[in-house]
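Below is one structure, written out as structure tokens, with a few remarks after it.
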Amino acid sequence: MNDVVLRAEDVHKSYDGLEVLRGVSMEVGRGEVKVIIGPSGSGKSTLLRCLALLEPVDSGGVYLEADPLSGLREKQLAAHRSEVGMVFQRFNLFQNMTALANVMCGLVEVRRLKKREARERALEFLDRVGLRDKADNYPEELSGGQQQRVAIARALVMRPKAMLFDEPTSALDVELVREVLDVMEGLARDGMTMVVVSHELRFAHHVASSILMMDEGKVIEEAPPDRFFSSPSHERTKRFLALVE
Amino acid sequence: MLASFDADVFWEALTSSPYWKGALLALELTLVSLAAACVIGFFLALGRSSRFRWVRALVFFYNWIFRATPTLLQLLFIWNALPQLWPVFAESWFKPFLAAFIALALNEAAYMSEIIRAGLLSVDPGQELAGRALGMTRPRILRRIILPQAVRIIIPPTGNEFITLLKLTSLAFVISLHELLTAAQVRAASDFRYPEAYSAALVYYLAIVSVLMVVQAQLEKRFTWSSVGRRRRVAVPAVAHDAR
Amino acid sequence: MKRWIGPLSLVALIAALAVVGTVGAASPVKGSFKYCSDPTFPPMESKTTAGKPVGFDIDLANAIAKRWKVKASFVETGFQGLLPGLASKKCNMVISGIFITPDRIKQFPAVAYMKTHRALVVQAGNPKRINGPNALSGKTVAVQAGTKYEEYLKGLNDQFKSAGRAQFTLQSYPGDADAVAQLLIGRADAVLTQDTSGAFHKKAHPGKLAIPYLFPETDTFGIYYRPSDKKLGTALRAAIKALKKSGALKKIAAKHQIPVADVK
């Protein structure tokens, strides 16, 4: 049995009186890739942000390798956040830094590495995503796909215990999606623990350990890809899949 | 009409000690007041989005009072009214420059706080989100990511405020600060050559503002993030593909 | 026809004499004249709380206007702008407790009307023991900006410096009353101004001020006019002479508690 890296237990969360997560429980073990799909408003992004410790939960627990993380103070939370990498739909690269500086940022500011060491490591990871030659370019000079790959490098360089992806290709032009998915598939092959919110069903089918369907703040179904796509059990899952495929 | 403009008198005024000393004083007062105003204004701007209600209220009242009252009134209040409330302000250590600095800095801070707030607001909220996701603490995010991007927006209106402040320094004449305008008036009072005396002062004001414009352009360039024209000076170390 | 020339000439002569007789002084201006003045120098000129200009100079202007059977119009101008205002034709003359000095005379002629002494004003009880200009060394002195007082004080400070004595801090303010205010606030140790102003402020703030020293030399207040206005100048001289002779100036001086000897 894989040891569990990230776990959410009966998580509830409301925004402005609207309950977005109504008791979500899920876990992801080491090396597993879990893909979450579902209609908009189902709480997928919120769940991801709670797992990334970017949002506090109203009730329930979030655990990183068995450490309870809900109810911790900001300073302690910050330290744990660096152990969970997050990639955003809109990349969120730091506009005032080059690609290299972006990737170095976490190492220098959080891990407190010396600049020289940080630069070497950062270049290595930029290389891994195939963008070493763009090290001195600023985000606004890069294409969407390139920016997202730099964002992945920026999160990866911290050697996180898990990587979370919030619709990483939804904001990309169609022809740029492939380069990002390739990087993600590479990560999965290398054994990274990943949770991905995405509409890219072929990618999910190809790479996921299991697929979760969320609707109205709850996980209504979870199954390995083959079973999920060929014979989904829940009615709403069937309807959603029909819409998307 | 131009025939009666005496270039020698003009030149003499322009190069005279009260003029360039006065110009230097005006510039000095502007710079220190603006610097203090930026610092105070920064904290006021942060205070506007504080989670404590009393902090937000405090900032609101500060901005309200200092923007509503004329600068001249504030100057006179600090110079003439304060000593009547607390006699310690009548003592000789409380010089006109100090009083003018306090009045101008506090006054300008109210305006700078709005400018800085606009700059902070202009930064995409995703930037802070990404910083937090990496594990950075809020002060660090502010310093390394948000502020540099906010500064880019803040520079042009701050240049305006510099010019406004420079002109406001001439008000300190009423609290006996001998700056550039005073020099012009004293000059004119002694030899009655008004066109020459006032033009010489004008030249100094123009000169200072021109220098500001150059400095502002340079600053704006520095905060434009573009790889054009920047070549890396350190050689990139070759790293093998499978190195970890 | 020849019969009428005699009586006609007589009528004309009488008419001419009558005209000359009624216009006691030929008015150099038509209908009214404007005078620039800075109402921050009581009792010469100041403003009531309602904002109306009052003072010796206002009464003087009105007396001159009465003689010429015209109206006098007060044009409020800051002290530094008085002579520029005259130059730019903002007004016909300047009546503002302003001295006649050699450098001013070079640009604009003036008609003298009153003598006065400079005075040092201090806080009541003279806590800093200021008994003369020499005692100003090391003190704080306030003065109205752009005046001859300020010039004199600057010169005095230079003298102290070359004599190796401590200089005084010289502060200059837009109005004479502003300088006196610094005494009352407690910031200034002394103010250099006219005896007229000193006497006025002493009366206005009973028990708070004192005049420990009067300069022996006198200055003369003058009415300034443009050099091109020769007729105005002649008329002014005649008017002042007449007002002095008739005792009118003495009456105005007494009204404002100015020593009558000053307007002799």
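So that you can tell them apart, the chains are marked A, B and C in the order they are listed, and the count of residues begins at 1 in each.
Here, contacts are C-beta pairs under 8 Å (C-beta built on N, C-alpha and C of every residue); 3 or more make two chains touch, one makes a residue touch a chain.
Given the structure is predicted, the values throughout are model-derived calculations rather than measurements.
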Centroid-based (C-alpha) most distant chain relative to chain C: A
Central subunit by CA centre of mass proxy: B
Computed distance of Cα centres, chain C from chain B, in Å: 43
Whole-Å separation of chain centres (CA-atom averages), chain A against chain C: 86
In the complex, chain C residues that touch chain B: 80, 83-84, 87, 103-104, 107, 140, 142, 145-146, 150-151, 169, 171-174, 178, 181, 185-187
Chain B residues within the chain A interface of the complex: 124, 126-127, 129-137, 140, 144-145, 148-149, 152, 223, 225-227, 230, 232, 236-237, 239, 241, 243-244
Residues of chain A touching chain B in the complex: 52, 54, 74-75, 78-83, 85-86, 88, 90, 92-98, 105-106, 109-110, 120, 123-124, 127, 132, 135-138, 140-141, 151, 154-155, 158
Chain C partner contacts - residues on chain B that touch it in the complex: 80, 83-84, 87, 90-92, 94, 96, 173-176, 178, 182, 185-186, 188-192, 194
